[in-house]
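Take a look at these structures.
Shared between the two complexes below is subunit A, which has subunit B as its partner in the first and subunit C in the second.
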Partner chain A sequence: MAGEIWQKIGEGFVQEYYNQFDNTNRMAIANLYSPNACLTWEGSAFQGKEAIANKLASLPFKMIKHIITKQDFQPTIDSCILIMVFGQLKADDDPPMAFHQVFMLKSQNGGWACTNDVFRLGVHNIPV
Partner chain B sequence: MAGEIWQKIGEGFVQEYYNQFDNTNRMAIANLYSPNACLTWEGSAFQGKEAIANKLASLPFKMIKHIITKQDFQPTIDSCILIMVFGQLKADDDPPMAFHQVFMLKSQNGGWACTNDVFRLGVHNIPV
Partner chain C sequence: MSDGEYDYLIKFLALGDSGVGKTSFLYQYTDGHFNNKFITTVGIDFRERRVIYNSTGPDGTTGRGQKIHLQLWDTAGQERFRSLTTAFFRDAMGFLLLFDLTNEQSFLNVRNWMSQLQIHAYCENPDVVLCGNKCDLSDQRAVSQEEARELAEKYGITYFETSAASGQNVSEAVDVLLDLIMKRMERCVDKSWIPDGTVRANGPSNLDLSEGSDRGKCAC
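Let's look at the complex of A and B:
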């Protein structure tokens, strides 16, 4: 299904999202979200553009770089686009860490907005 | 948002999915999917219950065990439930491997069916 329109839209979103995250003011990323979007960041939930912008702006690092390992895209029966990203990130002087992130995009007002975002670092529970 | 109804439905699905995957005939898992569900398994796309059942049945191991590290749930504006699972799996005598998997559930015919499933092993590209 390579080359489908939803895949191209998804790839464009992923490129824009991490480019803005790594290279510009993280507050501006909020413009990629729908007004009532949901973000779950390491298990904590945030709803709405402002809450999401504040959360992203509050993350405790100055420099960050994401490197994408894999990205998958699917259309949904409600005409949304489901995206799963797997990669590594490097924050400040910390060692690289795996992460995975899911986005859902919906067509709104002539463009595509992110309605759902779930982020996790790839750190397993330590067995006790 | 713990204890929300969509979270409980999501948790029930995750428990049933991996229980069936690990302990019963994998062909039976197809009953958890909607008729036109999409599965993307390590980058390969399959659509429909039969194609998904055949893919899952063809996986080249006899014994498998999934251990969930994290599971996140979100409601969507189209009344679906988005699920992101992160964990480890052990297949036959192979060493444990990380995996992550996304499901989307939709209410259909009085129950909840999986309309979207994206699976990836947690293996990064090897830099060249």
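Let's look at the complex of A and C:
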């Protein structure tokens, strides 16, 4: 399965996504989403690339670093790409935390855009 | 002291803005030193420590030491990603409210944390100890001891200036909080105020009861 086209596209997206998230102005990440994309962030829903970018840009930390542990890719029957990312993140001086993130990519206007994004921290033994 | 036998399981929660030193404070208390390394173990959100609490009876005598299993819960920075919900506050019996003496905004936000507590804790006036942390960084101090004391007095809570780096007043602050909780428990004839699962009589068998006073024992 290694080297399948959807895997290469998926890996490229994941690399670009976390690069932008960690290294640049997070408002620019809007460009990776389709106009009507959906984000579910810790159970809260946001729709539209602008609403999503606003949410991500407003997260209260100065610095964040994502480290990807594993990522998986699947092609869907309607020619989209499903991605699951499993990793750790570290915000400012806080202890690192695990996270899970799922993306759906769709081919639009000759490029790939994220139509769905679901994020959860991997925090288990704490009241939520 | 690592056995499963104890008289009470008590949960404390450390609160305060991100970066005030909650994790280091709890680490200092349970492990006795300051940790500034990158912790690679994820998902550990509370620390534990056993202490013996010696209550003083109304007649001035000291009762049998009670084995306390303290669980100290940390937000671990999750508040940056999601708001802390009601459930988060509900299960704790006592609260360590920290701010950073070198960061005025974290001190101003103590008011917000107090109102959150008054709304979401198990009762309107839970036991809280206020800690002005990072007192070792005296050249960067942005909050005076006077104004912090004044605020603590306004809320009727104890104030400590602490340092997770040097250990100054860290155990003292936790001890005062534990004392408040135990006194509150002894005052309460009806223990129904205790949130579910926070206090559990686990240790004393009938044998234990027969050899000492059972005053202060939790019936739940």
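The criterion applied here is as follows: the second predicted complex is superposed on the first by the 124 of 128 C-alpha atoms of A that agree within 3 Å, B and C clash if a C-alpha of one lies under 4 Å from a C-alpha of the other, contacts with A are read in each partner's own complex, and residues count from 1 in each chain.
Note that in this section contacts are C-beta pairs under 8 Å (C-beta built on N, C-alpha and C of every residue); 3 or more make two chains touch, one makes a residue touch a chain.
Everything numeric here is computed off the predicted structure, so don't read it as measured data.
Visitor: Between subunit B and subunit C, whom does A:A98 touch in the aligned arrangement: first, second, both, or neither?
Guide: both
Visitor: When the two structures are overlaid on chain A, which partner does A:L59 contact: first (subunit B), second (subunit C), both, or neither?
Guide: Once the two structures are laid over each other on A, A:L59 reaches subunit C alone.
Visitor: Can A:K70 be said to touch subunit B (first), subunit C (second), both, or neither?
Guide: first
Visitor: Could you look at A:T115 and tell me whether it touches subunit B, subunit C, both or neither (first, second, both, neither)?
Guide: A:T115 contacts subunit B only, not subunit C.
Visitor: Does the superposition put A:G43 against subunit B (first), subunit C (second), both, or neither?
Guide: both
Visitor: Counting touched residues of subunit A, say whether subunit B or subunit C comes out ahead.
Guide: Touching more residues of subunit A than the other partner does is B.
Visitor: After lining up the shared chain so the two structures overlap, which partner does A:L82 touch, if you call subunit B first and subunit C second: first, second, both or neither?
Guide: A:L82 contacts subunit B only, not subunit C.
Visitor: What part of subunit A is shared between its subunit B contacts and its subunit C contacts?
Guide: The answer is residues 43, 88, 98, 122, 124-125 of subunit A.
Visitor: How about subunit B: which of its residues touch subunit A in the complex?
Guide: Residues in contact with subunit A: 1, 34, 36, 38, 40, 43, 45, 69-70, 72, 74-78, 80, 82, 84, 86-88, 98, 100, 102, 104, 106, 115-116, 118, 120, 122, 124-125.
Visitor: Give the list of subunit A residues in touch with subunit C in this complex.
Guide: Within the complex, subunit A touches subunit C at residues 41-44, 59-61, 88, 90-98, 121-128.
Visitor: Residues of subunit C touching subunit A in their complex?
Guide: 18-19, 23, 38-40, 42-43, 45-46, 73, 76-78, 80-82, 85, 87-88, 90-91
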